[in-house]
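All chains are identified by letter, namely A, B, C and D, in their written order; residue positions are counted from 1 within each chain.
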Amino acid sequence: MQNKIRSFGILGGDKRQLFLADSLIKDGYRVMLGGFDNLRSIGDITIADVRTALGYSDAVLLPLPSVRADGSLNAPFAVSTLYFDEEEQELLKQKPVFASMKDRLIRAYPALKSARIYDYAARDDFSVLNAVPTAEGAVECAMSAYEGTIAGARCLVVGFGRIGKILARMLKALGAEVTVSARSSTDRAYISALGYDFVNTEKLTEIRGYNIVFNTVPKLIFDRELLENTDCDTLLIDLASLPGGVDFDAASALRIDAQRALSLPGKCAPKTAGEIIKTTVFRMIEEVNR
Amino acid sequence: MQNKIRSFGILGGDKRQLFLADSLIKDGYRVMLGGFDNLRSIGDITIADVRTALGYSDAVLLPLPSVRADGSLNAPFAVSTLYFDEEEQELLKQKPVFASMKDRLIRAYPALKSARIYDYAARDDFSVLNAVPTAEGAVECAMSAYEGTIAGARCLVVGFGRIGKILARMLKALGAEVTVSARSSTDRAYISALGYDFVNTEKLTEIRGYNIVFNTVPKLIFDRELLENTDCDTLLIDLASLPGGVDFDAASALRIDAQRALSLPGKCAPKTAGEIIKTTVFRMIEEVNR
Amino acid sequence: MQNKIRSFGILGGDKRQLFLADSLIKDGYRVMLGGFDNLRSIGDITIADVRTALGYSDAVLLPLPSVRADGSLNAPFAVSTLYFDEEEQELLKQKPVFASMKDRLIRAYPALKSARIYDYAARDDFSVLNAVPTAEGAVECAMSAYEGTIAGARCLVVGFGRIGKILARMLKALGAEVTVSARSSTDRAYISALGYDFVNTEKLTEIRGYNIVFNTVPKLIFDRELLENTDCDTLLIDLASLPGGVDFDAASALRIDAQRALSLPGKCAPKTAGEIIKTTVFRMIEEVNR
Amino acid sequence: MQNKIRSFGILGGDKRQLFLADSLIKDGYRVMLGGFDNLRSIGDITIADVRTALGYSDAVLLPLPSVRADGSLNAPFAVSTLYFDEEEQELLKQKPVFASMKDRLIRAYPALKSARIYDYAARDDFSVLNAVPTAEGAVECAMSAYEGTIAGARCLVVGFGRIGKILARMLKALGAEVTVSARSSTDRAYISALGYDFVNTEKLTEIRGYNIVFNTVPKLIFDRELLENTDCDTLLIDLASLPGGVDFDAASALRIDAQRALSLPGKCAPKTAGEIIKTTVFRMIEEVNR
């Protein structure tokens, strides 16, 4: 498939897609943008309308998420709300479409059921690669909100999934004292083998002596009861996707500084986030061609 | 269960069990050794015969492996070959027995089928914890056999399981340029997120430009054909359990320095290996009591 | 001397002095603040006026800088401008005074020539300890301004003094590709031994291929000529004390994103900066008592 | 000078000089060895006698040390003892000579006083670069002699000079708990800024709780008195040049495992040690030509 792809139509998206476009161009691909009419020009990249970008490209790249809840293209740089009309849907069916949240896309445009839609965001490697900008974004939040240095700070990372693994490593590399909370005995062994202290997430009944706590678990871990047993000068950064892992009302009432940190790759490192989309799409092409 | 255990009978084993005994004593347990008659005394540890050690303890610790292929106790420090007689088997059935290779043990002593045998070596966390002394042993081998420093050496780690993960990290921490070979796209993403170079194990058709290669995959990766396409000044260290991952005859014929490095925790770091047995046994006790 | 000191009068200063006060109180000292009238209360710390704080303490702590160019106490939290009157100067002469910029202080109050003034900020160890919050502040700036992640970014650190050493280490720990520029052959050897790439500061005639450049050298390195030979998408962070090492007008004309980052410990990590003052003062007391 | 040098005569030395020769050849230089008659052939390197190697080269490389106490060439691979005769001394005066221990060389051959002798081993950068193989050699010794892993071991590094700096970093990277002993307040600040614990070398009156102690200070720190206050299961590795920093008789009497580890670069990493000679010589040529 890759051999044939020489041009990409990038429809909608934010800064990440612009960096993605830039990176593709540097790799020698032709790129046409659609749904960015608010921007006059961006270096050498051609800005067109959605239909042109769709028509003149070998493959289509949709953003993250691809469409909004109402089915419109997720195109914050577009002047107006954009929907794929029938002709555009027909074009989408003729070429490989790299998208995210495929289910929602097909729900909005049932005609695309027969399209070759490749969901890059559903892949595990995509999530792993994004753990780096996410963890760095979390460190940036902590550096900005915490009045001491990360070096020497006592940090607790709740959860040892993709983000917890990368974040714990980054904090330790910066000189923090890192405790990781997890549940399984295997995780516990890794945590100890990698030089972190361990606490059992199930036994988290109080948070004492930590300067910064990062939650990565998408469950209400920091409920009112736990927060009542948390030092009030602890900084709490919640990385878990909505609804998140912290009772923010309780935190606020208890005067604990709790912050939600969501969508960090796109916010803190759109360049890297765009390159990760490219990397993932290229791997999908590679795998299909194998 | 733990509340009740105040004394351990350690039957058979090598230096690891001596360090295990020492560590238990420091934790306040009583320890009696059986099957170590070749040793006069070891600090404060009481050396007895197997039956006494069995009789006077709340729990029994068997070594790794627990029994040899012929059913005899794995007791390199014993004067004679030791088998459990009926009375001893009866004693074994009365208390918790922490052992390894449970199947072989029961095959040798079918009466133990009803005993409470806990196989510590079959646990995943035990293997993860042992990846540290294994990786360090591999580094020690490499330092000893390679004529340059690890710092600045180009290293390839084949496989990204428990040992590959810890070893790659250690090598990079020492300043090596580290490439990791794996197969899945998730591993590939982790390898890249952790800052290593990646090669696809399935596409390893030649080994060029590496100073040291560590194999951790228990499959014949380094067959004659691959070795013929390997720089002959590459040092090759095979960590994979027998039959291993290297055709040593071919390596020798091609004058490639290939070394088998097996059972590293017991050989290179018996103190740590003994402590890992203790840690794992304590976790099992904890879990049973939960 | 330390035996006798049981209370500190902290006169003037910003958040750093508040964290310093807090840390001293946790160590069991009595602390009285003067020159903070804008604050109602801060936890358990007593806020008094300058004279009271001076009178009721065994030793005096002045901020960084201690006095402004016009001789007034550097007290941003005070309601009015404060000068030491004769009586206060007399009190200052009776007890150890830990201050910064001693020369300026004595120039403003010649009567203090005979006082026991200990300049903590003039010490080398104070500067070394402050290199950590400075480097972290620089990393925070970079994370905030750069659109990619530090992980994977190509970074150049100009200068290998206290800040350069700590900053290079931090960047590498975060996964950046780090080049350090220095001049001496000894620095060059250390740079290489620590795993960074080296460029000779004297041969910096162009800046190509770097994502982020940190200048730590207080000399006009980045003059118009060098900036004209700098990639315009390079982020340039100048840590050098005024007048700094960058021609900001030229940078602006060339559309290079250049940022001044000064006084980072106080801005980014006042808690750590306050603790560093305490640590340094304690060492001075230790040395005097030896 | 460099432009003119196209060939090197390498006279005497051990494995380091062979790797040096190999590395020079890979860089495109012609190399002739003298004083290696015990070796038949080494790859592509020409083995000649001293006079031929001297005569046919643009520059001469002498080993480390260059001559023995009796004035003979330090040539362990030579069949007989070699002295430079008058004709050879004349040849040495005609070309740049890169040597070590220049004073001893001139004392043995006063005629060389007027020769262009460049002492590479006297340079600070040479020592700094060699700190890496020295520290790695020390780690290898420790791994081999200590029965636990470095990961998790409590290590004390006495001295924070070139070797102490690199060694402390390596140990911490491997997961050890590292304490560094030094004397100056600046070193103390660096030690703390780099995340190590500090002890004052002058206050070392007992060594308790360390698994491994590395001495780098060339003074009798570990005298009988200190050893009497050292845990007897502490492993003590002395890296200080002779006479060293440990009373080995006392250690032996007290059953403390104390080991001398000298000349580590040549023993543990001759390849790297040879490359460091090359690097240093090239820098000297560069500097002369500047």
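By definition in this document, contacts are C-beta pairs under 8 Å (C-beta built on N, C-alpha and C of every residue); 3 or more make two chains touch, one makes a residue touch a chain.
Note that the structure is a prediction, hence the values are computed from the model and not measured.
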- Compare the two sides of the chain C and chain D interface and say whether they are made mostly of the same residue numbers, over half shared, or of different ones. same
- Could you pull out the chain whose C-alpha mean position is farthest off from that of chain C? B
- Mind checking the centre-to-centre distance between chain C and chain D? Centres are C-alpha means, answer in whole Å. 39
- Distance-wise, how many Å sit between the C-alpha centres of chain A and chain D, to the nearest whole number? 50
- Among the residues of chain C, pick out those that touch two or more other chains and give their numbers. 132, 151, 175, 193
- Parts of chain D lying in touch with chain C, wherever the complex brings them together: 123-126, 128-129, 131-132, 166, 169, 185-186, 188-190, 192-194, 283, 287
- Query: Where on chain A is chain C touching in the complex?
  - Reply: 15, 19, 132-133, 136, 139-140, 143-144, 146-152, 170, 173-175, 268-272, 275
- Note on the structure: In the complex, the residues of chain C that touch chain B are 151, 175, 193, 195
